[in-house]
Amino acid sequence: MSGDAVMVTPDPAAEIQVTAQIQQFYARHMQAIDRGDVDAWLDTFTDDATIANNTRPEPARGRATIATVARRLVADAAGSGVVHRHWTGMAQVARQPDGTVRATSYALVVQTPGPAGSAGPGSAGSAAPGLWRSTVCVDVLVREDGRWRIRQRNVTHDDVR
Amino acid sequence: MSGDAVMVTPDPAAEIQVTAQIQQFYARHMQAIDRGDVDAWLDTFTDDATIANNTRPEPARGRATIATVARRLVADAAGSGVVHRHWTGMAQVARQPDGTVRATSYALVVQTPGPAGSAGPGSAGSAAPGLWRSTVCVDVLVREDGRWRIRQRNVTHDDVR
Amino acid sequence: MSGDAVMVTPDPAAEIQVTAQIQQFYARHMQAIDRGDVDAWLDTFTDDATIANNTRPEPARGRATIATVARRLVADAAGSGVVHRHWTGMAQVARQPDGTVRATSYALVVQTPGPAGSAGPGSAGSAAPGLWRSTVCVDVLVREDGRWRIRQRNVTHDDVR
(Lines give C-alpha, C1' and ligand atoms only; values in the text may rest on other atoms or scores of the structure.)
Protein backbone atom coordinates (compact mmCIF):
# COMPACT_ATOMS: atom_id res chain seq x y z
CA MET A 1 0.00 0.00 0.00
CA SER A 2 2.99 2.28 0.45
CA GLY A 3 3.70 4.89 -2.18
CA ASP A 4 7.38 4.05 -2.20
CA ALA A 5 7.09 0.27 -2.43
CA VAL A 6 8.52 -0.02 -5.93
CA MET A 7 11.68 1.95 -6.62
CA VAL A 8 14.30 1.91 -9.32
CA THR A 9 17.99 1.88 -8.45
CA PRO A 10 18.68 5.01 -6.43
CA ASP A 11 20.46 7.82 -8.27
CA PRO A 12 20.43 10.92 -6.06
CA ALA A 13 20.90 13.44 -8.88
CA ALA A 14 18.15 11.88 -11.00
CA GLU A 15 15.82 11.67 -8.00
CA ILE A 16 16.28 15.35 -7.27
CA GLN A 17 15.80 16.38 -10.88
CA VAL A 18 12.61 14.35 -11.30
CA THR A 19 11.18 15.50 -7.99
CA ALA A 20 11.86 19.14 -8.91
CA GLN A 21 10.22 18.63 -12.32
CA ILE A 22 7.16 17.04 -10.73
CA GLN A 23 6.82 19.92 -8.27
CA GLN A 24 6.93 22.43 -11.12
CA PHE A 25 4.48 20.26 -13.03
CA TYR A 26 1.87 20.46 -10.26
CA ALA A 27 2.31 24.23 -9.90
CA ARG A 28 1.62 24.71 -13.65
CA HIS A 29 -1.14 22.10 -13.67
CA MET A 30 -3.09 23.54 -10.74
CA GLN A 31 -2.60 27.21 -11.60
CA ALA A 32 -3.94 26.47 -15.10
CA ILE A 33 -7.27 25.04 -13.94
CA ASP A 34 -7.71 27.63 -11.19
CA ARG A 35 -7.44 30.54 -13.63
CA GLY A 36 -9.89 28.75 -15.93
CA ASP A 37 -7.35 27.94 -18.64
CA VAL A 38 -8.84 24.55 -19.50
CA ASP A 39 -6.73 24.11 -22.66
CA ALA A 40 -3.44 24.51 -20.77
CA TRP A 41 -4.73 22.14 -18.10
CA LEU A 42 -5.82 19.49 -20.62
CA ASP A 43 -2.36 19.60 -22.13
CA THR A 44 -1.03 18.22 -18.82
CA PHE A 45 -2.82 14.90 -19.51
CA THR A 46 -2.03 12.23 -22.07
CA ASP A 47 -4.59 11.59 -24.82
CA ASP A 48 -5.69 8.35 -23.17
CA ALA A 49 -5.66 9.66 -19.59
CA THR A 50 -8.14 8.40 -17.02
CA ILE A 51 -9.43 10.11 -13.89
CA ALA A 52 -11.07 7.96 -11.24
CA ASN A 53 -12.34 8.90 -7.85
CA ASN A 54 -14.30 7.41 -4.98
CA THR A 55 -17.39 9.55 -5.60
CA ARG A 56 -18.33 8.14 -9.01
CA PRO A 57 -18.51 4.54 -10.11
CA GLU A 58 -16.99 5.06 -13.56
CA PRO A 59 -13.70 6.86 -14.32
CA ALA A 60 -13.53 9.57 -17.00
CA ARG A 61 -11.61 8.08 -19.93
CA GLY A 62 -9.69 10.12 -22.50
CA ARG A 63 -8.89 13.78 -22.87
CA ALA A 64 -12.17 14.59 -24.66
CA THR A 65 -14.28 13.30 -21.78
CA ILE A 66 -12.04 15.01 -19.24
CA ALA A 67 -12.44 18.25 -21.23
CA THR A 68 -16.21 18.11 -21.02
CA VAL A 69 -16.18 17.64 -17.25
CA ALA A 70 -13.54 20.33 -16.73
CA ARG A 71 -15.36 22.95 -18.81
CA ARG A 72 -18.54 22.34 -16.86
CA LEU A 73 -16.78 22.65 -13.48
CA VAL A 74 -15.03 25.87 -14.52
CA ALA A 75 -18.34 27.32 -15.78
CA ASP A 76 -20.10 26.33 -12.54
CA ALA A 77 -17.46 28.05 -10.40
CA ALA A 78 -17.52 31.17 -12.59
CA GLY A 79 -21.31 31.25 -12.44
CA SER A 80 -21.42 31.06 -8.65
CA GLY A 81 -18.65 33.65 -8.26
CA VAL A 82 -16.38 31.44 -6.16
CA VAL A 83 -12.62 31.21 -6.60
CA HIS A 84 -10.94 27.83 -6.19
CA ARG A 85 -7.24 27.26 -5.43
CA HIS A 86 -5.92 23.72 -5.67
CA TRP A 87 -2.99 23.01 -3.37
CA THR A 88 -0.97 19.80 -3.50
CA GLY A 89 1.56 18.86 -0.87
CA MET A 90 3.35 16.07 0.99
CA ALA A 91 4.11 14.44 -2.38
CA GLN A 92 5.82 11.06 -2.41
CA VAL A 93 7.46 10.83 -5.82
CA ALA A 94 8.56 7.33 -6.88
CA ARG A 95 10.25 6.56 -10.19
CA GLN A 96 9.05 3.26 -11.56
CA PRO A 97 11.11 0.68 -13.48
CA ASP A 98 9.16 1.49 -16.69
CA GLY A 99 10.22 5.15 -16.59
CA THR A 100 6.93 6.46 -15.29
CA VAL A 101 6.55 8.31 -12.01
CA ARG A 102 4.01 7.55 -9.32
CA ALA A 103 3.19 10.60 -7.21
CA THR A 104 1.06 10.25 -4.08
CA SER A 105 0.05 13.68 -2.80
CA TYR A 106 -2.46 15.39 -0.60
CA ALA A 107 -4.67 17.83 -2.49
CA LEU A 108 -6.79 20.54 -0.94
CA VAL A 109 -9.21 22.91 -2.60
CA VAL A 110 -9.50 26.33 -0.96
CA GLN A 111 -12.72 28.13 -1.84
CA THR A 112 -13.34 31.85 -1.54
CA PRO A 113 -17.00 32.85 -1.90
CA GLY A 114 -18.05 35.59 -4.26
CA PRO A 115 -18.78 39.06 -2.87
CA ALA A 116 -22.17 38.95 -1.11
CA GLY A 117 -23.53 42.10 -2.68
CA SER A 118 -21.52 42.82 -5.78
CA ALA A 119 -20.55 46.45 -5.43
CA GLY A 120 -18.34 46.52 -8.48
CA PRO A 121 -14.58 46.16 -8.91
CA GLY A 122 -12.52 46.64 -5.76
CA SER A 123 -15.34 45.83 -3.40
CA ALA A 124 -14.22 43.76 -0.45
CA GLY A 125 -15.74 40.33 -0.08
CA SER A 126 -17.39 39.63 3.24
CA ALA A 127 -16.80 35.92 3.59
CA ALA A 128 -13.54 34.25 4.57
CA PRO A 129 -12.00 31.49 2.47
CA GLY A 130 -12.55 27.93 3.60
CA LEU A 131 -11.55 24.39 2.74
CA TRP A 132 -13.82 22.83 0.16
CA ARG A 133 -12.19 19.44 -0.41
CA SER A 134 -9.49 17.34 1.21
CA THR A 135 -8.26 14.43 -0.89
CA VAL A 136 -5.42 12.04 -1.59
CA CYS A 137 -4.32 12.10 -5.23
CA VAL A 138 -2.33 9.27 -6.81
CA ASP A 139 -1.05 10.09 -10.29
CA VAL A 140 0.95 8.06 -12.78
CA LEU A 141 2.95 10.47 -14.95
CA VAL A 142 4.77 9.75 -18.19
CA ARG A 143 7.42 11.73 -20.05
CA GLU A 144 6.19 12.87 -23.50
CA ASP A 145 7.78 15.47 -25.78
CA GLY A 146 10.20 16.52 -23.05
CA ARG A 147 7.52 17.12 -20.43
CA TRP A 148 5.50 15.22 -17.85
CA ARG A 149 1.86 14.35 -18.40
CA ILE A 150 -0.69 12.53 -16.25
CA ARG A 151 -1.76 9.17 -17.67
CA GLN A 152 -3.77 7.97 -14.71
CA ARG A 153 -5.26 9.84 -11.77
CA ASN A 154 -7.00 8.35 -8.76
CA VAL A 155 -8.55 10.73 -6.24
CA THR A 156 -9.84 9.66 -2.82
CA HIS A 157 -12.09 12.23 -1.18
CA ASP A 158 -11.75 12.25 2.60
CA ASP A 159 -15.47 12.85 3.15
CA VAL A 160 -16.57 9.78 1.21
CA ARG A 161 -16.17 6.34 2.76
CA MET B 1 16.21 32.46 17.80
CA SER B 2 16.48 32.15 14.04
CA GLY B 3 16.24 28.73 12.47
CA ASP B 4 19.25 29.42 10.29
CA ALA B 5 21.55 30.86 12.97
CA VAL B 6 24.04 28.01 12.89
CA MET B 7 25.13 26.81 9.49
CA VAL B 8 27.92 24.65 8.21
CA THR B 9 30.08 25.77 5.30
CA PRO B 10 27.78 26.27 2.34
CA ASP B 11 27.88 23.56 -0.31
CA PRO B 12 25.04 24.17 -2.77
CA ALA B 13 24.84 20.60 -4.06
CA ALA B 14 24.79 19.12 -0.56
CA GLU B 15 22.22 21.67 0.59
CA ILE B 16 19.91 20.77 -2.26
CA GLN B 17 20.32 17.04 -1.71
CA VAL B 18 19.63 17.26 2.02
CA THR B 19 16.67 19.59 1.56
CA ALA B 20 15.17 17.22 -1.03
CA GLN B 21 15.69 14.24 1.30
CA ILE B 22 14.04 16.08 4.20
CA GLN B 23 11.05 16.99 2.01
CA GLN B 24 10.61 13.36 1.02
CA PHE B 25 11.07 12.37 4.66
CA TYR B 26 8.14 14.52 5.79
CA ALA B 27 5.91 13.23 3.00
CA ARG B 28 6.54 9.62 4.06
CA HIS B 29 6.36 10.48 7.77
CA MET B 30 3.02 12.29 7.60
CA GLN B 31 1.34 9.96 5.10
CA ALA B 32 2.23 7.04 7.39
CA ILE B 33 0.48 8.40 10.48
CA ASP B 34 -2.51 9.68 8.49
CA ARG B 35 -3.26 6.26 7.02
CA GLY B 36 -2.91 4.76 10.51
CA ASP B 37 0.35 2.91 9.79
CA VAL B 38 1.83 3.49 13.25
CA ASP B 39 4.74 1.05 12.72
CA ALA B 40 5.97 2.86 9.60
CA TRP B 41 5.58 6.17 11.42
CA LEU B 42 7.51 4.99 14.50
CA ASP B 43 10.34 3.89 12.24
CA THR B 44 10.86 7.58 11.35
CA PHE B 45 12.02 8.25 14.94
CA THR B 46 15.22 7.18 16.68
CA ASP B 47 14.96 4.79 19.61
CA ASP B 48 15.65 7.58 22.09
CA ALA B 49 13.49 10.21 20.39
CA THR B 50 11.65 12.83 22.42
CA ILE B 51 8.50 14.77 21.55
CA ALA B 52 7.76 17.92 23.50
CA ASN B 53 5.01 20.44 23.04
CA ASN B 54 3.57 23.47 24.75
CA THR B 55 0.36 21.70 25.81
CA ARG B 56 1.92 19.18 28.20
CA PRO B 57 4.54 19.77 30.89
CA GLU B 58 6.53 16.58 30.23
CA PRO B 59 7.86 15.41 26.87
CA ALA B 60 7.27 11.86 25.65
CA ARG B 61 10.63 10.04 25.86
CA GLY B 62 11.58 7.02 23.76
CA ARG B 63 9.94 5.18 20.91
CA ALA B 64 7.90 2.92 23.23
CA THR B 65 6.21 5.88 24.93
CA ILE B 66 5.66 7.61 21.61
CA ALA B 67 4.10 4.39 20.30
CA THR B 68 1.56 4.28 23.12
CA VAL B 69 0.46 7.86 22.50
CA ALA B 70 0.32 7.39 18.73
CA ARG B 71 -1.78 4.22 18.89
CA ARG B 72 -4.27 5.95 21.18
CA LEU B 73 -4.56 9.00 18.87
CA VAL B 74 -5.04 6.82 15.79
CA ALA B 75 -7.70 4.76 17.59
CA ASP B 76 -9.49 7.93 18.76
CA ALA B 77 -9.62 9.33 15.23
CA ALA B 78 -10.80 6.01 13.80
CA GLY B 79 -13.48 5.76 16.51
CA SER B 80 -14.86 9.22 15.81
CA GLY B 81 -14.80 8.69 12.04
CA VAL B 82 -12.68 11.73 11.28
CA VAL B 83 -9.84 11.78 8.75
CA HIS B 84 -6.71 13.79 9.57
CA ARG B 85 -4.16 15.04 7.03
CA HIS B 86 -0.92 16.49 8.35
CA TRP B 87 0.62 19.14 6.12
CA THR B 88 4.06 20.61 6.71
CA GLY B 89 5.37 23.61 4.85
CA MET B 90 7.63 26.65 4.87
CA ALA B 91 10.47 24.41 6.12
CA GLN B 92 13.77 26.02 7.02
CA VAL B 93 16.31 23.22 6.75
CA ALA B 94 19.68 23.90 8.42
CA ARG B 95 22.57 21.43 8.44
CA GLN B 96 24.39 21.53 11.76
CA PRO B 97 28.14 21.12 12.33
CA ASP B 98 27.54 17.73 14.01
CA GLY B 99 25.88 16.30 10.88
CA THR B 100 22.33 16.60 12.16
CA VAL B 101 19.66 18.70 10.49
CA ARG B 102 17.42 21.21 12.20
CA ALA B 103 14.11 21.68 10.37
CA THR B 104 11.73 24.44 11.43
CA SER B 105 8.37 24.00 9.70
CA TYR B 106 4.77 24.98 9.95
CA ALA B 107 2.45 22.03 10.45
CA LEU B 108 -1.30 22.03 9.91
CA VAL B 109 -3.79 19.28 10.58
CA VAL B 110 -6.77 19.23 8.23
CA GLN B 111 -9.75 17.37 9.67
CA THR B 112 -12.64 15.96 7.69
CA PRO B 113 -15.60 14.88 9.83
CA GLY B 114 -17.14 11.47 9.43
CA PRO B 115 -20.38 11.14 7.44
CA ALA B 116 -23.25 12.42 9.63
CA GLY B 117 -25.55 9.53 8.96
CA SER B 118 -23.50 6.64 7.71
CA ALA B 119 -25.28 5.49 4.60
CA GLY B 120 -22.68 2.93 3.65
CA PRO B 121 -19.78 3.06 1.23
CA GLY B 122 -19.88 5.83 -1.35
CA SER B 123 -22.17 8.08 0.66
CA ALA B 124 -21.20 11.72 0.48
CA GLY B 125 -20.18 13.37 3.73
CA SER B 126 -22.15 16.46 4.66
CA ALA B 127 -19.50 18.46 6.46
CA ALA B 128 -16.64 20.35 4.87
CA PRO B 129 -13.04 19.82 5.98
CA GLY B 130 -11.56 22.34 8.39
CA LEU B 131 -8.32 23.21 10.11
CA TRP B 132 -7.88 21.37 13.39
CA ARG B 133 -4.40 22.48 14.47
CA SER B 134 -1.87 25.11 13.43
CA THR B 135 1.60 24.61 14.88
CA VAL B 136 5.30 25.29 14.48
CA CYS B 137 7.37 22.11 14.48
CA VAL B 138 11.12 22.11 15.18
CA ASP B 139 12.78 18.76 14.53
CA VAL B 140 16.36 17.60 14.94
CA LEU B 141 16.99 14.81 12.46
CA VAL B 142 19.89 12.38 12.32
CA ARG B 143 21.12 10.09 9.55
CA GLU B 144 20.88 6.39 10.54
CA ASP B 145 21.17 3.36 8.25
CA GLY B 146 21.08 5.59 5.16
CA ARG B 147 17.90 7.43 6.14
CA TRP B 148 16.78 10.35 8.24
CA ARG B 149 15.09 9.90 11.60
CA ILE B 150 13.72 12.39 14.14
CA ARG B 151 15.69 12.50 17.38
CA GLN B 152 13.98 15.48 18.94
CA ARG B 153 10.67 17.16 18.15
CA ASN B 154 9.31 20.35 19.68
CA VAL B 155 5.80 21.42 18.71
CA THR B 156 4.30 24.82 19.54
CA HIS B 157 0.52 24.96 19.17
CA ASP B 158 -0.69 28.37 18.02
CA ASP B 159 -3.77 28.25 20.25
CA VAL B 160 -1.83 27.77 23.47
CA ARG B 161 0.06 30.71 24.99
CA MET C 1 -0.61 35.65 -18.86
CA SER C 2 1.27 32.46 -18.04
CA GLY C 3 3.91 32.56 -15.32
CA ASP C 4 6.32 30.64 -17.51
CA ALA C 5 5.92 32.64 -20.71
CA VAL C 6 9.43 34.06 -20.69
CA MET C 7 12.20 31.61 -19.96
CA VAL C 8 15.94 31.65 -20.39
CA THR C 9 17.78 28.75 -22.00
CA PRO C 10 17.05 25.67 -19.92
CA ASP C 11 19.85 24.50 -17.64
CA PRO C 12 18.48 21.77 -15.36
CA ALA C 13 21.11 22.15 -12.63
CA ALA C 14 20.69 25.92 -12.48
CA GLU C 15 16.90 25.59 -12.50
CA ILE C 16 17.01 23.22 -9.56
CA GLN C 17 19.44 25.38 -7.61
CA VAL C 18 17.42 28.56 -8.11
CA THR C 19 14.14 26.85 -7.31
CA ALA C 20 15.61 25.43 -4.09
CA GLN C 21 16.96 28.86 -3.13
CA ILE C 22 13.60 30.50 -3.75
CA GLN C 23 11.83 27.88 -1.63
CA GLN C 24 14.22 28.52 1.24
CA PHE C 25 13.78 32.26 0.69
CA TYR C 26 10.01 32.06 1.20
CA ALA C 27 10.40 29.92 4.33
CA ARG C 28 12.73 32.52 5.91
CA HIS C 29 10.65 35.43 4.62
CA MET C 30 7.33 34.18 5.95
CA GLN C 31 8.62 32.81 9.26
CA ALA C 32 10.22 36.22 9.93
CA ILE C 33 7.00 38.22 9.63
CA ASP C 34 4.93 35.61 11.47
CA ARG C 35 7.16 35.74 14.56
CA GLY C 36 7.03 39.54 14.41
CA ASP C 37 10.67 40.00 13.36
CA VAL C 38 9.99 42.97 11.08
CA ASP C 39 13.69 43.84 10.63
CA ALA C 40 14.54 40.37 9.30
CA TRP C 41 11.49 40.50 7.05
CA LEU C 42 12.35 43.97 5.67
CA ASP C 43 15.82 42.68 4.81
CA THR C 44 14.15 40.33 2.30
CA PHE C 45 13.14 43.35 0.16
CA THR C 46 15.31 45.66 -1.92
CA ASP C 47 15.56 49.32 -0.88
CA ASP C 48 13.29 50.36 -3.75
CA ALA C 49 10.81 47.49 -3.44
CA THR C 50 7.14 47.99 -4.21
CA ILE C 51 4.13 46.07 -2.94
CA ALA C 52 0.89 46.37 -4.86
CA ASN C 53 -2.38 44.62 -4.33
CA ASN C 54 -5.93 44.68 -5.60
CA THR C 55 -7.35 46.12 -2.36
CA ARG C 56 -5.62 49.51 -2.46
CA PRO C 57 -5.28 51.88 -5.38
CA GLU C 58 -1.67 52.88 -4.69
CA PRO C 59 1.27 50.49 -4.13
CA ALA C 60 3.60 50.90 -1.14
CA ARG C 61 6.91 52.20 -2.51
CA GLY C 62 10.27 51.73 -0.80
CA ARG C 63 11.43 49.82 2.25
CA ALA C 64 10.62 52.70 4.66
CA THR C 65 6.96 52.77 3.62
CA ILE C 66 6.76 48.99 3.70
CA ALA C 67 8.25 49.09 7.21
CA THR C 68 5.52 51.43 8.47
CA VAL C 69 2.76 49.21 7.14
CA ALA C 70 4.40 46.03 8.45
CA ARG C 71 4.94 47.37 11.97
CA ARG C 72 1.30 48.41 12.14
CA LEU C 73 0.04 45.01 10.97
CA VAL C 74 2.28 43.15 13.44
CA ALA C 75 1.10 45.42 16.28
CA ASP C 76 -2.55 44.92 15.30
CA ALA C 77 -2.18 41.13 15.35
CA ALA C 78 -0.33 41.19 18.68
CA GLY C 79 -2.98 43.48 20.15
CA SER C 80 -5.85 41.22 19.13
CA GLY C 81 -4.04 38.09 20.31
CA VAL C 82 -4.26 36.27 16.98
CA VAL C 83 -1.43 34.25 15.46
CA HIS C 84 -0.91 34.39 11.69
CA ARG C 85 0.96 31.80 9.61
CA HIS C 86 1.71 32.66 5.99
CA TRP C 87 1.91 29.65 3.70
CA THR C 88 3.07 29.86 0.10
CA GLY C 89 2.75 26.99 -2.32
CA MET C 90 2.33 25.88 -5.92
CA ALA C 91 5.17 28.25 -6.89
CA GLN C 92 6.02 28.66 -10.56
CA VAL C 93 9.62 29.89 -10.58
CA ALA C 94 10.82 31.39 -13.88
CA ARG C 95 14.32 32.74 -14.44
CA GLN C 96 14.20 35.85 -16.61
CA PRO C 97 16.75 36.89 -19.26
CA ASP C 98 17.87 39.82 -17.04
CA GLY C 99 18.85 37.48 -14.19
CA THR C 100 15.80 38.17 -12.06
CA VAL C 101 13.31 35.51 -11.05
CA ARG C 102 9.56 35.72 -11.38
CA ALA C 103 7.74 33.58 -8.83
CA THR C 104 3.98 33.09 -9.07
CA SER C 105 2.67 31.43 -5.92
CA TYR C 106 -0.47 30.89 -3.95
CA ALA C 107 -0.34 32.44 -0.49
CA LEU C 108 -2.67 31.60 2.38
CA VAL C 109 -2.84 33.17 5.80
CA VAL C 110 -3.92 30.81 8.59
CA GLN C 111 -5.28 32.64 11.62
CA THR C 112 -5.58 31.22 15.12
CA PRO C 113 -7.69 33.33 17.47
CA GLY C 114 -6.40 34.32 20.88
CA PRO C 115 -7.60 32.41 23.94
CA ALA C 116 -11.18 33.50 24.70
CA GLY C 117 -10.63 34.07 28.39
CA SER C 118 -6.90 34.38 28.99
CA ALA C 119 -6.23 31.95 31.80
CA GLY C 120 -2.49 32.37 31.76
CA PRO C 121 0.29 30.35 30.12
CA GLY C 122 -0.63 26.86 29.05
CA SER C 123 -4.33 27.55 28.79
CA ALA C 124 -5.92 25.87 25.81
CA GLY C 125 -7.52 28.14 23.24
CA SER C 126 -11.13 27.40 22.50
CA ALA C 127 -11.31 28.40 18.85
CA ALA C 128 -9.98 26.41 15.92
CA PRO C 129 -7.65 27.97 13.35
CA GLY C 130 -9.17 29.17 10.10
CA LEU C 131 -8.20 30.61 6.75
CA TRP C 132 -7.97 34.39 6.82
CA ARG C 133 -6.78 35.19 3.31
CA SER C 134 -6.34 33.35 0.02
CA THR C 135 -4.24 35.18 -2.55
CA VAL C 136 -2.04 34.86 -5.61
CA CYS C 137 1.37 36.45 -5.11
CA VAL C 138 3.61 37.42 -8.04
CA ASP C 139 7.12 38.47 -6.97
CA VAL C 140 10.11 39.67 -8.96
CA LEU C 141 13.26 38.72 -7.07
CA VAL C 142 16.81 39.94 -7.63
CA ARG C 143 20.12 38.56 -6.43
CA GLU C 144 21.93 41.05 -4.12
CA ASP C 145 24.92 40.34 -1.86
CA GLY C 146 24.63 36.60 -2.49
CA ARG C 147 20.95 36.38 -1.55
CA TRP C 148 17.54 36.88 -3.08
CA ARG C 149 15.42 39.93 -2.34
CA ILE C 150 11.97 40.98 -3.53
CA ARG C 151 11.98 44.01 -5.80
CA GLN C 152 8.34 43.93 -6.81
CA ARG C 153 5.34 42.19 -5.26
CA ASN C 154 1.83 42.04 -6.63
CA VAL C 155 -0.84 40.38 -4.51
CA THR C 156 -4.32 39.49 -5.77
CA HIS C 157 -6.80 38.77 -2.99
CA ASP C 158 -9.35 36.14 -4.00
CA ASP C 159 -12.20 37.90 -2.18
CA VAL C 160 -11.80 41.17 -4.07
CA ARG C 161 -12.95 41.44 -7.67
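Chains: A, B and C, in written order; residue numbering restarts at 1 for each.
The rule is short, and it goes like this: a contact is a pair of C-beta atoms (placed from the backbone, for glycine too) under 8 Å apart; a residue touches a chain by one contact, two chains touch by 3 or more.
Treat the numbers as computed from the prediction; the structure is a model and nothing was measured.
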Item to check | Interface numbering overlap (same over half, different under half) for subunit A and subunit C | outcome: different
Item to check | Cα superposition angle of subunit A on its copy subunit B, in degrees to the nearest 5 | outcome: 120
Checklist entry - Using CA atom averages as chain centres, what separation in Å is found between subunit A and subunit C? => result 24
Item to check | Residue numbers of subunit C (touch at least two other chains) | outcome: 16, 20, 89, 130-131
Item to check | Touch list for subunit B against partner subunit C, complex | outcome: 1-4, 12, 15-16, 19-20, 54-55, 89-93, 104, 106, 108, 130-134, 136, 158-161
Next on the checklist: Help me check something: in the complex, which residues belonging to subunit A touch subunit C?
Outcome noted: 16-17, 20, 23-24, 26-28, 30-31, 35, 37, 40, 81, 83, 85-89, 110, 112-115, 118, 121-131
